[in-house]
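Shared between the two complexes below is subunit A, which has subunit B as its partner in the first and subunit C in the second.
Let's turn to the complex of A and B:
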């Protein structure tokens, strides 16, 4: 795998790649404990059926950081919730539009993650957030650069022959976009 | 010859596929994986599974369609199909209905969110 990342013709075999629709990334930072506020915010989002497509949380030296994404079409509702709870202890940063590229499986190794970040770095594609899950590596990049990012990744990765479309068209059969799975 | 039974997991959520695979392997099954109905067919043709755990809502070819194709196929109709179905209160808002599920002739159903113990019970019961 490392050889493929450095240009060896032996490509990395992966199970699949998915690309999200257009998203807005919201970064929240608080110096004090965020539990009360963030729990309330996400509970309200759940009640309003706003789907979180991406979520990371971290304790850093200076405080607490949370990055999450919602569909662009849902952003105005999230913005209203954030304004209702306006708090001087919290810094909010909005990055839009972004998109998530999900690559799987990582086979429980960080090598794929390093490889992906290296490829995007060499192509000068900004990465706004990264996370791994049970099987996948997910990267947030500028939405307008997603196709270019995919093109770079495909230079070193081999997909299954009958791979699904990179952008799943479920909206036409899922009118309310519920996360039913 | 490997005497472990092969189970195919088909779902467009790779994390769910991985989680189910880990659980099934810990229960001494072999697992093949696919991420939509089209890939599911490819895997079935590569090696016939004893049982398929099949999601309903997937791109390209959904679980109902794949299940119907299997059950109408002389060659593959004997494969046991367990459908993963969405919760009842949300399914009304989609084109996927319980009625649609019943017409697929699936052998069993498991509601989402999945109770892993219940799923394992269903898998083992159907393979006996």
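Let's turn to the complex of A and C:
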């Protein structure tokens, strides 16, 4: 697999790729803060029925950092919540629009993961965030560059011949179609 | 072809199960944003190991944080490679934490449903459990905790998450 990234014609076989709709990535950083400092914001987002499509957090530089994504259509409500917080100790960075490319399966392989990050880096496609899950790796890049990112990835990866469309045609999202407790 | 995003709320959230991982290594590397390609190559060179969780997050316009969590058996070889790779880089720092524990769980349509992360972090915060790192994408949640904290975390998460 490693050779596929360094020019060998043998490409990495993967099961599939999915591309998200337009998202907004929000990066929050707070120095000298307790961990989980964002829980107040997340509580309000849950009350407002706003889904997080992506989330990472860790301690860094004597503070805590978290990155999360929401659908572009939900962003104005998140922006309102952030403005209400008006926390001077909190640095907020908004990246919009972004999209998530999900590649599966990763087989917990450093080779595949490194190849993905490396090829996008060499192609100068900014990777705003990455997170692995049980079987897939999700990569956030500028939404307008998603097709270019996929083109770069396809130079080293082979997809199944009968692959489904990369962008799901979402039937509908109906928050009230199920009982809400 | 169309897909349906299932959006619903449960007072007790059904999951497929908890997994508890122990004696893991957590590396955090802060590097210039434009060095992502270099770090991709370094990750690729650790091909003798395998990861449990990897994430990258944007710290500011200029820098990013790369977190890598893997098993103890890969620690020596991977640690040497990472520390060597950090040494040759400008404006790059690395911290290492061992042992850490991870709680992993996943559930139906987690990628489309609101309130999942809130439910998890709310109970962990109320229980006073320190969370070192987390990564949630797709339908999975990974929560990284200090040694001996995974079991109490699962007990706390049991207030909100259930395996039917």
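To be clear about the criterion, the second predicted complex is superposed on the first by the 166 of 181 C-alpha atoms of A that agree within 3 Å, B and C clash if a C-alpha of one lies under 4 Å from a C-alpha of the other, contacts with A are read in each partner's own complex, and residues count from 1 in each chain.
The definition used in the following text is that contacts are C-beta pairs under 8 Å (C-beta built on N, C-alpha and C of every residue); 3 or more make two chains touch, one makes a residue touch a chain.
These numbers come from a predicted model, not from an experiment.
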First (subunit B), second (subunit C), both or neither: which does A:102 touch?
both
First, second, both or neither for A:144, with subunit B first and subunit C second:
neither
When the two structures are overlaid on chain A, which partner does A:67 contact: first (subunit B), second (subunit C), both, or neither?
second
Greater subunit A contact set [subunit C / subunit B]
C
Quick one: classify A:162 as touching subunit B (first), subunit C (second), both or neither.
first
Go through the superposed model and pick first if A:111 touches only subunit B, second if only subunit C, both, or neither.
second
For A:16, select first, second, both or neither according to whether it touches subunit B, subunit C, the two together, or no partner.
first
Could you say whether A:94 touches subunit B, subunit C, both of them, or neither, answering first, second, both or neither?
neither
Need the overlap of the two footprints on subunit A, from subunit B and from subunit C, as residue ranges.
102, 133-136, 164-165, 168-170, 173-175, 178, 180-181
Per the touch rule above, subunit B residues touching subunit A in the complex are 11-19, 33, 35-36, 38-39, 42, 55, 57, 59-60, 62, 84, 86-87, 90-91, 93-96, 112
Provide the residue numbers of subunit A that touch subunit C in the complex, in ascending order.
1-2, 5, 25, 27, 29, 35-36, 38-39, 42-43, 45-46, 48-61, 65-67, 91, 93, 95, 100, 102, 107-111, 113-122, 126-138, 164-165, 168-175, 177-181
Of subunit A, residues touching subunit B in the complex:
15-16, 102, 104-105, 133-136, 160-165, 168-170, 173-176, 178, 180-181
Touching residues (chain side subunit C, partner subunit A) in the complex
1-11, 28, 30, 33, 35-47, 49-61, 65, 67, 104, 106, 111-119, 121-122, 124-125, 130-140, 142, 144
